[in-house]
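Okay, got some structures for you below.
One chain, subunit A, appears in both complexes that follow, with subunit B as partner in the first and subunit C in the second.
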Partner chain A sequence: MMKNPQTVTFTLNGERKTFITRPDEKLLDLLRREGYKGTKFGCGQGTCGACTVLMDGRAIYSCLLYSMQAENRDIRTIESIGTHDKPSEFQQELIAAGAVQCGYCIPGMIMSAEALMKAEKTYPEEVVREYMDGNLCRCTGYEKIWDALQTVLARREAANKAKAKS
Partner chain B sequence: MKLCAFIRPASLSAAHENLRELGREGMILAGGTALHFMQDHTPVTAVDIMSLGLSFIREEGDYYNIGATTSLADIQRYRAPRWAMHEICRRISTHQIRNISTIGGNICRVFPWADLPVILLAMDARMVIYTGSDEEEFPADEYFKEQPAKRFLDGNILTSVKIPQLKAHHGFGSIKVVRAEAAFAQVTIAALLELDGSTIKTARVAAGGAIPFPRRLPSVEAALGGQQANEETFKEAAAQADADVTWRGREGMTPEYSRHLAEVTIYDALERAAAFARGRNE
Partner chain C sequence: MSNPTANFKQVNHSVTKVDARQLALGKPSYVDDFRPPNALVVKMLWSPHAHARIVSMDVSEAEKMPGVKAVLWHGNVPRIPHATAGQGFPEPSPYDTFMFDTKVRFVGDRVAAVAAETEEQALAALECIKVEYEKLQPVFTIDEAMAEGAPIIHDEPDAYVPIPIPYEPQKNLVARVGAEVGDFEKGMKEADFTFDDTYETPYAQHCPIEPYVSLAQLDSAGRIVITTSTQVPFHCRRIVAQILDVPVQKIRVIKPRIGGGFGSKQEVLLEDVVAMFALRTGRPCIWRFTREENFRTGRTRHPIRVRIRLGAKKDGTITAIGMDCWNNTGAYGGHGLTVVSCCGSKVLPLYRCENIHFLGKVYYTNLPCGGAYRGFGATQAFFAFESSMDKMAEALGMDPVRFRQMNHIRSGEGSPIFAALGEGKEGVPMTVGSNALAECIVRGAEEIGWSNRTDWREKTGRYRRGMGMACLMQGSSIPHIDMGGASIKINEDGSFNLLVGATDLGTGSDTVLAQIAAEELCTTTDKMIVYSSDTDMTPFDVGAYASSTTYLSGEAVRKAAADAKRQILHTGAEMLGLAEKDVLCKDAHVQTPDGKQKVSYGDIACYALYQKNQYQIIGTASHVTGKSPPPFAAHYTEIEVDTWTGNIKVLRYVSTIDCGTAINPALCEGQTEGGTLNGISYALTEEYLFNENGRMMNANFTDYHIFSMRDAPRIKAIIVPSYEDTGPFGAKSVSEICINGPAPAIANAIYNATGARLYEFPFTPEKVLNAIRAVQA
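And then the complex of A and B:
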């Protein structure tokens, strides 16, 4: 039985939901308890980025947010990005580049990239690094993840330019 | 520290009342990132102040007024004439943390590695504290004289931070030295120079990271006043820092290494501040 239960209501992947929680429960723990297990528990102390989700469109570490702080916010997890049958553009490029080894960091990487693509129209290297430097990968050495992301960003930047011209 | 209850007050005065009644069992919660690292297991009630309208950046007279719950990411992204706060905010932790962490949370309880107190000391910022009936302003020198957390034990709430707007002949430079991109500072230095032509009229220099608590460096400042803003002056001034602080070794650095690193960083921050001031004069 949960001690000191309270409720928290927020929009999760486009759907408004209410959850029973505890004052000291992290958003990460709530999400995983409720079955959103794409959000990974890595370091639990805001270093590795495996638990990255979007809150009101911005990337945050869900291990450093009490679930009660999500009240009335818009939370998006990796489950909202793509599916096995219909992966997102970045997910497709990660597969094409062979960029995934153990895969544990990938949901967090994708969420940080989502925040980048939502907020920015152009993608200079310094800006991309800023968005991605809060996500660690212990397998790949980052090269292929970086390449996959650059492929997507180059395509988007070209599309943005074309749109601006027309 | 263990959160046992969670309150969302509807107003600043209600938050003050909640905190006053709770005493040591109450804890202001803004971004909340620091609370996860407090090691003691004292049961506390969180008083969430994120919905009280304290997230803003406004130009007010000679100041930029930054609301206490403004995120570091918002400060980093803000642009305005004579604005210099974005540089250091970009260097604090990762963007996931900057999206949550607030300026107030960074300075209500000061950790030895904190960067913002160093910046605010050099900038001569003013902290605005709500006392329940009134608002009081504290200059950075007074606010950071000792651990500021003591100021908030009776329910008082930091509401904003006022940063003086830099004048045309002012220059500001801050440097944070880290081992890895998102790591805590090995040393952080901030310098504010007021130039009269090529002469340094006034200087404020502060340090953090390799010392137990952020503080100004009066001996460095004294060595700068009235001197020419050039390489020689900056080198001589940087060498005076030992008179003000004892650098400590940490993370594999010896105290001597910290001292040398700090001296070099002070020099670099002064160069940066002077370049900033000259740029403004052009």
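And then the complex of A and C:
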């Protein structure tokens, strides 16, 4: 079916992998086709954030990126964050706060928060909102997501400070 | 009376949502996550015209396009009138829809569908379908629809409504419903003050982040298995059987996790097409709406014009309430009658009044189709009604809170409206049981600092703050229409399979139902394996709508659990060699009251399954309600108006809620916060913009703005408990009511800030500015 198959090679969740793709295939579609179902389709237009993944540590909309643009980059998806036995800190707090309603937005939220925590050392409210602004949630009113995130960030900020002192 | 909630061990606790972990980990859970690699992709050719007849159509070229496996159009499918609205049977909605028709009635109506190997191939094939249209004069407003000699939108002879209600498609009239209590005109005459105002509410979309998506495939026995993002799996099965003219037996509908619905998925919009393609091709077929399709073709909130006439005496007694509603249902009539009925039935009982007039009319137009949307008519009507209540309070020289406190319905009181207005038939007489509205009003006022509120005439400067409030009610299920079923069976380790037809669409109902089962069975919620909504596996349930799941399906679950518990007690007593009356259930054991002799549920299950007098311990029950107890709420907000730009900023929002016993307080708060923010977003920014051809011009999240984390104000949800004797462990409902408050509360706050009264939302800067200028002029 695919004439002139082309390939793309990138690091996916820590493993270097090569995939067959087409020049017009979006990274989101490639990921989902390859079984990485945690990255969601919500709009395909870069406006909802359900498809958020990390590229070289930065949150991007995988529905906008052509798969070939991932060549030689480092891609991380929700599948690399937490396990049933050991969810990540933020996942744990989201679950505890009752912040996961339909859950469709949640993997994207988690990836944006990962980007935030990777890039920043302190977390003023405005910066946090900036990072999380691209992820729409229609269920929660953001209250419990916000609270869960603040709990994690407060802990990390304290830890970062302690590290800086020692 | 002692507090019955004090002894609860499972309900009234914020236990962890049963599916939270799998969803936070991104495990495959939703329809599209189960797409088989060989699935064909479905795409639809949509009507570019608002109103046109299809004169001719040629799909032969499309059929020959690469990758195309089948094309569906009016020439090759059965023509069966049906309603897409997923409601009880027979539906209170007209059978005015056909899988494919020779006429198109809005921009976004179905023309023809293609199933192909890839999306690109399907899209390419659509371009090869030749259609010749004869354009007809479109109808874009209620006034045009009502006008003498208006174009007839449904002129097909085979449309009809399956229940005995007025339906006059030759006048574009979908339904009419009314109620008269006392003597409205007399009540208006007795009043010292009267108001007569008309309000307009806009189109809006639910915007679940997961768009509509359905997958159909044939199993090895040749049955059609539909995995779909639906709120109504059993109605879906029935309706697809009807449309395809196949027996119900041939269809299985599976509802996996759903990425939000809010009413939009109480509709059968995709399933008939994917099922037909699966039958025709023998291949799995998937159809997922784009975001644009979700806006244009997906269901919407009915825009409604509401006229409120209100009369009151100087002492604050309300002498007359009149409500007239004109509901624009768009091109098809689904939910038209029931939504307009709820404008009256879920709003008018809130205040005592002896003279009430209600009339609701529903009209077709050539615009997108209204459907079920959280709040369901009450949202539209409360905006109008609670705005007029504020106007009346001011005329009386009374604090708006005080005026409402004087007049709101109390526990033990009824309203003639309950009996007069049902959904497609008469309602059910009812007195209100639990009612903590009085406390909601007080708690909310304290939280927002209502006593600091000042008159708008005292305010100056560019930025002016204002406070507003609104009181609300809703219902809990549709009495004598809705039915829920549940069954529960025990496993060797004392865990239970809880099978429910009730449909968790992200609300957390699986968790709430598990808590109810665990409470009744004296075990813990983590022992419940919940499976919801698979028409082959679970008992029937009407589905997730009308705020029914906790109250109605919850009681079915409680009864099923009680049934299982009787069996557990029986076998446990047998094992202990005691009489049933001498033992009880406690902490997953059957034991003597002193606890000296006991046997665990796991051992009881093993005994019953393997050892002696063997049988499966399994409880089953159904539930139908005779009541629809209203939850109550008082909403308060403080806003800031930029009087130069008309921009509104919501500074604080307080949502109190009396939902009876909160089975899971954290989830109740989540429902309240989410519904409230949706309501705020609707009040301030959401609307459909149409061009002169009736085409929606802002069908994406950039131009149709829903609130993000940066836009969202802090919302304080306050649960004010009450105990509803007819509900499971005292519960009523929570999900819908909260969306009704923001539009009126913010409208009232705008008035309090500026003296400008808005009769139409969203409250865009332009509208606000015009209203402010009118005051200043």
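One rule holds for everything that comes next: the second predicted complex is superposed on the first by the 164 of 166 C-alpha atoms of A that agree within 3 Å, B and C clash if a C-alpha of one lies under 4 Å from a C-alpha of the other, contacts with A are read in each partner's own complex, and residues count from 1 in each chain.
Heads up, the rule we're going with is that contacts are C-beta pairs under 8 Å (C-beta built on N, C-alpha and C of every residue); 3 or more make two chains touch, one makes a residue touch a chain.
These numbers were taken from a predicted model, which means no experiment stands behind them.
S.K.: Thinking of the overlay built on chain A, is A:6 touched by subunit B (first), by subunit C (second), by both, or by neither?
M.R.: A:6 contacts subunit B only, not subunit C.
S.K.: Is A:77 touching anything from subunit B or subunit C once the two structures are fitted on A? First, second, both or neither.
M.R.: Only subunit C; A:77 stays clear of subunit B.
S.K.: Which partner chains sit in contact with A:58 here, subunit B, subunit C, both or neither? Use first/second/both/neither.
M.R.: first
S.K.: Is A:45 touching anything from subunit B or subunit C once the two structures are fitted on A? First, second, both or neither.
M.R.: Both partners, subunit B and subunit C.
S.K.: Contact-wise, after the overlay, does A:117 reach subunit B, subunit C, both or neither (first, second, both, neither)?
M.R.: It touches nothing on subunit B or subunit C.
S.K.: Between subunit B and subunit C, whom does A:130 touch in the aligned arrangement: first, second, both, or neither?
M.R.: both
S.K.: After superposition on the shared chain, which partner residues are touched by A:96: those of subunit B (first), subunit C (second), both, or neither?
M.R.: second
S.K.: Which of the two, subunit B or subunit C, is in touch with more residues of subunit A?
M.R.: Comparing touch counts on subunit A for subunit B and subunit C gives C.
S.K.: Just to be sure I read the superposition right, which of the two partners does A:27 touch: subunit B = first, subunit C = second, or both, or neither?
M.R.: It touches nothing on subunit B or subunit C.
S.K.: State which residues of subunit A lie in both footprints, the one left by subunit B and the one left by subunit C.
M.R.: Looking at subunit A, the two contact sets intersect at 24, 45, 47, 130, 133-134.
S.K.: In the complex formed with subunit B, which residues of subunit A make contact?
M.R.: So the residues of subunit A in touch with subunit B come to 4, 6, 23-24, 26, 45-47, 49, 52, 55, 58-61, 63-66, 68-69, 71, 112, 115, 130-131, 133-134.
S.K.: Which stretch or stretches of subunit B touch subunit A in the complex?
M.R.: Going through subunit B, the ones touching subunit A are 2-6, 8, 29, 32-33, 36-37, 45-46, 48, 50, 73, 90, 93-97, 99-100, 181-182.
S.K.: Can you check the complex and tell me which residues of subunit A touch subunit C?
M.R.: Subunit A residues touching subunit C: 1, 24, 32-33, 37-45, 47-48, 50, 77-79, 81-84, 87, 91, 94-107, 110, 129-130, 132-146.
S.K.: Which residues of subunit C touch subunit A in the complex?
M.R.: Within the complex, subunit C touches subunit A at residues 14, 16-17, 19-30, 32-33, 37, 67, 117-118, 120, 206-211, 257-260, 262, 288, 290-291, 505-508, 664, 666-667, 669-670, 673-678, 700-702, 706, 708-710, 712, 714-715, 717.
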